[in-house]
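Common to both upcoming complexes is subunit A, partnered first by subunit B, then by subunit C.
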Partner chain A sequence: MNTIRSFVSPRTEADRERRRIAVMCLPYFVLATFGAFLPLGMLARMSVSESQFSNEGFSLSAWELLLTEPVYREIAWNTLWFATATTLFSVAVAVAISHALAKYQLPFRRWIVAMVSFPIALPGIVVGFMIVVLFGRTGLLTNAVAFFTGENPIDLAVALTVGGLFLGYSFSLIPRATMVLRGTFAEINEDAEEAAKSLGASPLLTFRYVTLPQVWPGIVAAFVLTFRTALAIFGTVLVLPALNVATLRINLEIQSLGFNLATASAIGLIYFVFIFVFTFGGVKLIDNESLKI
Partner chain B sequence: MTGENRRTDDETATDGGTQTGRSETTDTHRTSREKRGGLHRFDVSSAFGRQAVTLVLAATLTFLTLPILVTVVASFGTSWTGVIPTGYVNLDNWRTVLGLAEGIGVRQGVIRGLAYSAGLATAGMVINIVVGVPIAYSLVRYDFFAKDWINTLAILPIVPGVILAIAFLRMYPERGGSTFGLIIGYALLKSPFMVLTVQSSLQSMNLQQIEESARSLGASWIRTFLTVIVPNAKDGIIAGSIITWTLAAAEFNFTYIVHSAGPRPFSLFLFENITRSPVLQGAAAVSVYFLIVTAVIVLLQRVGKAGFTTVER
Partner chain C sequence: MSEVTLDSLTKRYDEEVAVDGIDLTVRDGEVLGVIGPSGCGKTTTLRTIAGFETPTEGRVLFDDDDVTHVPPEDRNVGLVFQSYALFNNMSVLDNVAFGLKMQGVDKEERRDRANELLELVGIGEHAEKDPRQLSGGQQQRVGLARALAIEPRILLLDEPMTGLDAKLKKRLEEEIGSLLDELNVTTLYVTHDQEEAMVMCDRIAVLNDGRIEQIGTPAEIYERPANAFVADFVGTSNAVSATIEDGRMDLGFATYDIDDIPETAEGTAIVRPGDFRVGEGDIEGVVRDRYYLGDRVRARIELPNGDLVTVALDPSTENARTGDTVSLVLDPSGVHVLRSE
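And then the complex of A and B:
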């Protein structure tokens, strides 16, 4: 009661400040309510609906299906190992790129950053197309290799294999991981590195014992953000359907396999809960300052 | 390079020591130093570390930009049977994509879809400014209950586009797949980019001081916010608007599942071209978007961003 009164007619500056904060946050929460919270509630309702076309009755058949059908366990496994592998690879490459951008005298540094950031703007389907351009049957690299080895380009094309999909994921993930890490590398204390070097440590040892501990929070942040992005990739895997991951399956459930909205909702809900728990667990490990895209 | 110099310095110092006659200790000292010197000489990281890292950078840059360049070049070709497309300069693919000639696998040219998506993205961008700037400000300026949670919620997209789309199918059955649903979805999915960009711009200002000066001169807090804080954060707001607009204009994951009625958005046009058209025509369609992104990056560099990112230069 008191809080409501102080909200309507604030008496102290602290009350006024609280009201100000609430007013400033309000537009966001209105959008989040209609754009996310209510739809998520609807998703939960849809997953236990008896009918696929309207919310009627109560049935756990969609959930039973997810627990009993082996194909869904396989999808969960595929989604997790593939996202983990591509994230680890992308963050490792991003560490090397950020290191080079921060430490080396590179020509056209600004343009290099712009070029690395370019793929962030590309939707997944375009990324899939990029992989086809390089590694597809008519692809540039496929035909270049075929030209030198004399093999048939159709046998050499890797765009539609798991390897091609791996490259497609990396194409989207490396730029994001790099942008997170670039901020961390800019804040390194260079005196400590200089000291280590002048005491005779090799570049590798300096990196291992002086640089790495300093950028570790950034690496964890990059891992958390990149892994989340990897889980949500859909367009790339739609163009290069080499692996049955969850996003692809959700689309399959509502298009090719009929209109299994309840099953799609149940997968979506598990997916959301997983990402939510992972995010809030992950941000406990990292500094809010490192959260960047 | 510095390693070499240092070793020479060390050796000179040791030589100096020998000359002054501290024989035994210097000898043992010297052996261990030589051993270390030997290790140092064969250290892989000083010999190849920089080259290896530079090689990774060069390979990644090639991997990221080569397909973009090839796509743009290929869009002007006639056929692609060898290593690179041949038959330049052929504008047929561009004519088809721009809707000036009949194409294969697509119903219409790019103009209508692009205009529609540009409208949707602009509406989403306006919502993002109204929603994102105030919350970014209160998260940077004030400390309050559950602040860290709200911060995480605001800067990490809560729901992936595909899942949000499934919920929209029934949440807004009449209008979910039309203009209304798409605008709400775009605004929500892209809002983190606005919040982050404005936050990083606000963080470089001394907010409390600016605000107190304005308030002590008699401005109300709303007036202070609108006429002092917002103009100072102008670059961040512009950058955030550009980024959210571009991402919404080409949003695919959400659009693909949710879209049901009305004109076809730009990203669905891209998808048709990528999956159903000859590869060179697809290349021309994708090149249209590359042109937009290039223009956007040039704009972003003018407001202080190094590229398509929320991070300051």
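And then the complex of A and C:
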């Protein structure tokens, strides 16, 4: 009762602050309720439904299928290793780009920033198409290399291989990691870097002992964000289906393999729980002040 | 330690000249202060010696070694920053030992030497702490110990006291001053605070617009400024038009015998506030304003010809109030005459 009264007519600054916070958070909770909590509840219900087309009865057959069928273990493994590999590569490239942008007076700096960031705006499906246009059998780069080496373009085309998919993922992930890291690199204590150099540290050792510890939380944040994005990429893998990953499989379960809503829901739930736990762990790691390398 | 020489050093950024043909020698074991207004080229000079700026023209010599194009990590220069620039991911001890680690000194020895230096700067008990747990003054001591640990050829201090409170600053001035004397380290001390430079430095170079206006001991700079800029920048001064004829100096409001400029000349007399005192003198003036500064009172007095002069009064004996007419005595021995070009 008191809580309601202090909300309606707050008397202290603390009450007013609580009310402001509640008002500011309200749109998020409304959105989260209808956009996340309810659909997740529906997914959970659907994953144990006996009926294929409606939420009726109770059956754990979809979960049993996920645990026993080797193809789902393979999908989980593919999803994890591929997201990890593309994330590590993308974050490494982003570290170099962000470092260069923060550290040096580069010519055409604005152009470089625009070029690096614009792939964020491209749908995954377009990225996949670009890879085909560049690295497919009739691709521009494939035929250019074939022209200079005398090889057959069909042998050189990588668009529909795991390598092509890797390029497609990286094309989307590098800008995301760079955007996160640019902020981190902009706040580097350059005096500390110069102090290290004056004490005899080479540029590489300065980076190792002084720069890297400063940007480490940013790198972890970039890894968390980029890894989550990598797990969620769908359009690119739809165009370049070189590897069976979770998002592609959900699509297959719903469309090509019949209307397997229970199995698709179970995969979706595992996917959500994994990302939630991973994000929570990542945020905890970033918040940990004793984080040192 | 080394003697450090800047030979016709020039640094330009596009069209802007930051340092304009400086010739400067920091003698072995000397503490040389560099003072000047903001943007005069102090920090650029320091950064060029450290190797973080490459001069557009001229050379940097450590003894006879030309280090103009040697990278910073190979110069063996100790740098102390205004911002402290400590490594917050390391303990205080590891900060001080960092340079020794880069030199390949083994762990045991570098710990011993770092501990020694921390004791020397008076913060031995904080060795294992995170630098962020220390006060500003303590952090600056860590910065100093870290720079000294590598036994640098020259120690460069870039406004090390800026940002510290007045009392701490005074204490650090004394401590660091005596430490530098004791260790006999060749030091370049950049500051905008002339009083700090006078306390800390054996000689002072006054910079303006990238050029050196004067180099000399603190007393020379203060008492015998080379030009109007130095006179105006260092301390408070009254610039009074003067005519010298046959050993007599006519200031317009009074005439004095002086010894050191015998010939006829037109010029500007630099009269420091302390050269005046209230007494039975032949200069009459009206006190226009006065500021109590604790150990002295600074007053501005209007002379009969309309000129305003700043005068330092002893608050215990000279209690002139605003609006009072006072009689001033000028000690001509402290007056320095700048002859017109």
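Rule of thumb we're sticking to: the second predicted complex is superposed on the first by the 278 of 293 C-alpha atoms of A that agree within 3 Å, B and C clash if a C-alpha of one lies under 4 Å from a C-alpha of the other, contacts with A are read in each partner's own complex, and residues count from 1 in each chain.
Keep this in mind: a residue touches a chain if its C-beta (ideal position, glycine included) is under 8 Å from a C-beta of that chain, and two chains touch if they have at least 3 such contacts.
Just so it is clear, the model here is predicted, and its values are computed rather than measured.
Undergrad: Of the partners subunit B and subunit C, which touch A:Ala85 in the superposed model: first, second, both, neither?
TA: Neither partner.
Undergrad: In the superposed arrangement, does A:Gln214 touch subunit B (first), subunit C (second), both or neither?
TA: In the superposition, A:Gln214 touches subunit C alone.
Undergrad: For A:Leu43, select first, second, both or neither according to whether it touches subunit B, subunit C, the two together, or no partner.
TA: first
Undergrad: Does subunit C touch more residues of subunit A than subunit B does, or is it the other way round?
TA: B
Undergrad: Once chain A of both complexes is superposed, is A:Leu204 in touch with subunit B (first), subunit C (second), both, or neither?
TA: first
Undergrad: Touching A:Asp191, do we find subunit B (first), subunit C (second), both, or neither?
TA: A:Asp191 contacts subunit C only, not subunit B.
Undergrad: Based on the superposed arrangement, let me know which partner A:Leu252 touches: subunit B (first), subunit C (second), both, or neither?
TA: The answer is neither, since A:Leu252 touches no partner chain.
Undergrad: Just which bits of subunit A does subunit B share with subunit C as contact spots?
TA: Residues common to the subunit A contacts of subunit C and of subunit B are 197-198, 200, 202-203, 205, 292-293, listed in rising order.
Undergrad: Can you list the residues on subunit B that touch subunit A in the complex?
TA: Within the complex, subunit B contacts subunit A at residues 2-3, 6, 36, 40, 43-46, 49-50, 53-54, 56-57, 60-61, 63-68, 70-71, 74, 80-84, 127, 130-132, 134-135, 137-138, 142, 144, 148-164, 166-171, 184-185, 187-188, 191-193, 196, 200, 221, 246-247, 250-253, 256-257, 267, 270-271, 274-275, 279, 282-283, 286, 289, 293, 296-297, 301, 306-311.
Undergrad: Quick check: in the complex, which residue numbers of subunit A touch subunit B?
TA: 17-18, 20-21, 23-25, 27-28, 30-32, 34-36, 38-40, 42-43, 46, 55, 93, 96-97, 99-101, 104, 106, 110, 112-126, 128-134, 136, 138, 140, 143-144, 147, 167, 171, 174-175, 179, 182-183, 197-198, 200, 202-205, 207, 225, 228, 231-232, 234-235, 238-239, 247, 250-251, 254, 261, 264-265, 268-269, 271-272, 275-276, 279-280, 283, 288, 291-293
Undergrad: Can you tell me which positions in subunit A touch subunit C when the two form their complex?
TA: Touching subunit C: residues 189, 191-192, 194-203, 205, 209-210, 213-214, 292-293 of subunit A.
Undergrad: Can you tell me which positions in subunit C touch subunit A when the two form their complex?
TA: The contact residues of subunit C facing subunit A are 50-52, 71-79, 81, 83-89, 98-99, 102-103, 143, 146-147, 149-150.
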